[in-house]
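A, B, C, D, E and F label the chains in the order they appear, each numbered from 1.
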Amino acid sequence: MFTRFFAPTIEVSAHCDLPCGVYDPAQARIEAESVKKICEKVADNDDADFRMRAMIIKEQRSELVKHHLWVLWTDYFKPPHFEQFPELHVLVNEATKLAGASGTKGSFDVATADELLGKIDRIAEIFAETKKG
Amino acid sequence: MFTRFFAPTIEVSAHCDLPCGVYDPAQARIEAESVKKICEKVADNDDADFRMRAMIIKEQRSELVKHHLWVLWTDYFKPPHFEQFPELHVLVNEATKLAGASGTKGSFDVATADELLGKIDRIAEIFAETKKG
Amino acid sequence: MFTRFFAPTIEVSAHCDLPCGVYDPAQARIEAESVKKICEKVADNDDADFRMRAMIIKEQRSELVKHHLWVLWTDYFKPPHFEQFPELHVLVNEATKLAGASGTKGSFDVATADELLGKIDRIAEIFAETKKG
Amino acid sequence: MFTRFFAPTIEVSAHCDLPCGVYDPAQARIEAESVKKICEKVADNDDADFRMRAMIIKEQRSELVKHHLWVLWTDYFKPPHFEQFPELHVLVNEATKLAGASGTKGSFDVATADELLGKIDRIAEIFAETKKG
Amino acid sequence: MFTRFFAPTIEVSAHCDLPCGVYDPAQARIEAESVKKICEKVADNDDADFRMRAMIIKEQRSELVKHHLWVLWTDYFKPPHFEQFPELHVLVNEATKLAGASGTKGSFDVATADELLGKIDRIAEIFAETKKG
Amino acid sequence: MFTRFFAPTIEVSAHCDLPCGVYDPAQARIEAESVKKICEKVADNDDADFRMRAMIIKEQRSELVKHHLWVLWTDYFKPPHFEQFPELHVLVNEATKLAGASGTKGSFDVATADELLGKIDRIAEIFAETKKG
């Protein structure tokens, strides 16, 4: 149920560059979910204008995915995290590439969007691990 | 635990104006949490430059709160929702005002940020109700 | 004649969130006029590239219409205005929807742009009424 | 009275780069009015935080003045206009400088804001002349 | 060779509106080079989706060209420069028009992009002349 | 001399996410030079308003440094580059951190700006190496 998300036991985490200390992989995930839905909707719709609008919005949403992931990589993750999770640099690099020209920006392929979501989930798991410590 | 948020049974909801159908009050809440943390950090820090940076960032984050709430009000909520929840127009209007000049933009008061968070939580509850449909 | 608009008896009204107290429905109207012209030009032009550019720009201009109307709704209009004009919440909500996916973003229909302009004119009338008081 | 501005005999003019053909010096003027009000409000208010917010917003509004004037200079005015009004290049250049570091960005001086408004009014007069032709 | 560009004898020049005093025509040129490459790639690629993406990005990059040139015109160049180089107003005006609807925004023509690059190079030469003084 | 930069033998390199193939570390460097000049100017100027404006602009310019470096890291550098230059992930991560809260955003220290410039120069060297291949 939705409201449980706002229950006090679930920390909504940090992202502004004061830094305020609030980061949350959900920001990238919400945009990536949006990208996936766009791909699905285009698959069900032959209208050329709709496809154009979908392209414009997919471009923006994919860029937001990249931005939110970059923020995590630079502003949240610290050297000890990179030591503890040696895959982290490559993982974030691949995830951001998957939201770019060779990924969701460059195609309407739902599988590509799913692959991106998979990477974001793995980043979210690592993020959750670092929060436990 | 964080990763449960990403469990398949919890729908991450919609927001782009295709519309993709993905909306999520979490977007406004994350920014508002950030605003609150900024207020708390300023209360603990006498440095004038820090206060200036905090002001700049609080201004941006508060604007994002307003934007995400406006998107919900215009793009997600439909006439039947407004009928079912007669408080909704005033609630969103007050919430966005609370993120403006007379609210978190205009002060470093933690109580104001909490009041804003309270409104966002109420909007999230209504949002969750409409999802149950 | 244009220059009369700048005559001292005509108040140019307010919009920044200091707040500076300067708001003006003309901002939304100018963007909506632009949206309408785009629709008219596309109706007269078969070039596919032109249509694409028109789509990109219509998307941006429609978003600006929404933004300017949201600013009026949150930053300019106060509780007494909403009491005096009970239609105001629904009016602004409908106007912003008309600049979205179900409105000018989603089609090149000139009639839709005209409907949006009609709503903005009604908002401008109410705005003018509140300025008299 | 405000609503006369929206009367059908008064053309609301052009600005997007389709181009839609809609341009309007009012866009620059509204932002410049906002800048002036900010300067006036700061003159009446000793609060340091208020001054900081005013600075942030004045910076943004001044940038918008520059942008709207640049758009007129590049997108609206054509070679015959520059021939007919030999002062036009220098006028727009000076106006945009007046909204920059050596103008309203760099000070809270109301007289500077008035000087900027004067230049915008002159540009608006020339604009109105070109519309008559 | 690239690294020579970063050698201490080559001044990287100025652009923020503090002003910091750092301006550089390279900013406009990099975006214009990008616009040209986009035109060339589209000429070699029949895919409709690719053309759409190219259009979206060309629109943004052309806008950046305009912005960087406007910044030079308003923030860097001073009255003595305009006296010394009487062609400067018209040159910058034409260059920004060439990055607009009647230029690179409005077509995928490589020759148009080259014409724009030519104007930027002439502006860069004048810029370099003013730096010598 | 400046104009040599525009000589045909020096490739101005790539950055948009078509991708157009044009990337250039000069974009990050220009912004970082600007940040350094801002720090120097503040050191020579006691005016509180000037410091505030400097803070606002330094925040924006530092963010641009981060953005341009992120684009290189995600869009330009490919797996073979990361293999050939094992320091690259950490180098870009450190450089972007140096343009953030713990770096140039968080202080007016000229030495910090210099440290950032040093990292950017190293990235530019690696970039130049990959172009030779």
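In this section, contacts are C-beta pairs under 8 Å (C-beta built on N, C-alpha and C of every residue); 3 or more make two chains touch, one makes a residue touch a chain.
The UniProt protein names, listed by chain, are A, B, C, D, E, F = Nickel-dependent superoxide dismutase.
Everything quoted here is computed from the prediction, not taken from an experiment.
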Which chains make contact with chain B and with chain C at once? A, D
What are the chains that chain A and chain B both touch? C, F
Maximum distance between Cα centroids and chain C occurs for chain F
Can you spot which of A-B, B-D or B-C is a repeat of the D-E interface, where more than half the contact pairs line up? B-C
Same-residue or different-residue interface between chain B and chain F, half as cut-off: different
Between A-F and A-E, which chain pair is linked by more C-beta pairs in contact? A-F
Chain centres from averaged Cα atoms put chain B and chain E apart, in whole Å, by 40
So the centre of each chain is just the mean of its C-alpha atoms; given that, what is the distance between chain A and chain C in Å? 33
Residues of chain B that touch two or more other chains sit at 17-18, 52-53, 56-57, 105
Thinking of each chain as a vertex joined to the chains it touches, would you call that graph a line, ring, star, complete, or other? other
Give the pairs of chains that touch; include all such pairs. A-B, A-C, A-E, A-F, B-C, B-D, B-F, C-D, C-E, D-E, D-F, E-F
Which of the residues in chain D come into contact with chain F in the complex? 51-52, 55-56, 59, 105-108
Could you pull out which chain B residues touch chain A in their complex? 1-3, 5-6, 10-18, 20-22, 24, 26-27, 29-30, 33-35, 37-38, 41, 53-54, 57, 60-61, 121, 124-125, 127-128, 131
Contact footprint of chain D on chain E as seen in their complex: 17-19, 63, 66, 70, 73-75, 82, 89-90, 93, 96-97, 100-101, 105
Touching residues (chain side chain D, partner chain B) in the complex: 49, 52-53, 56-57
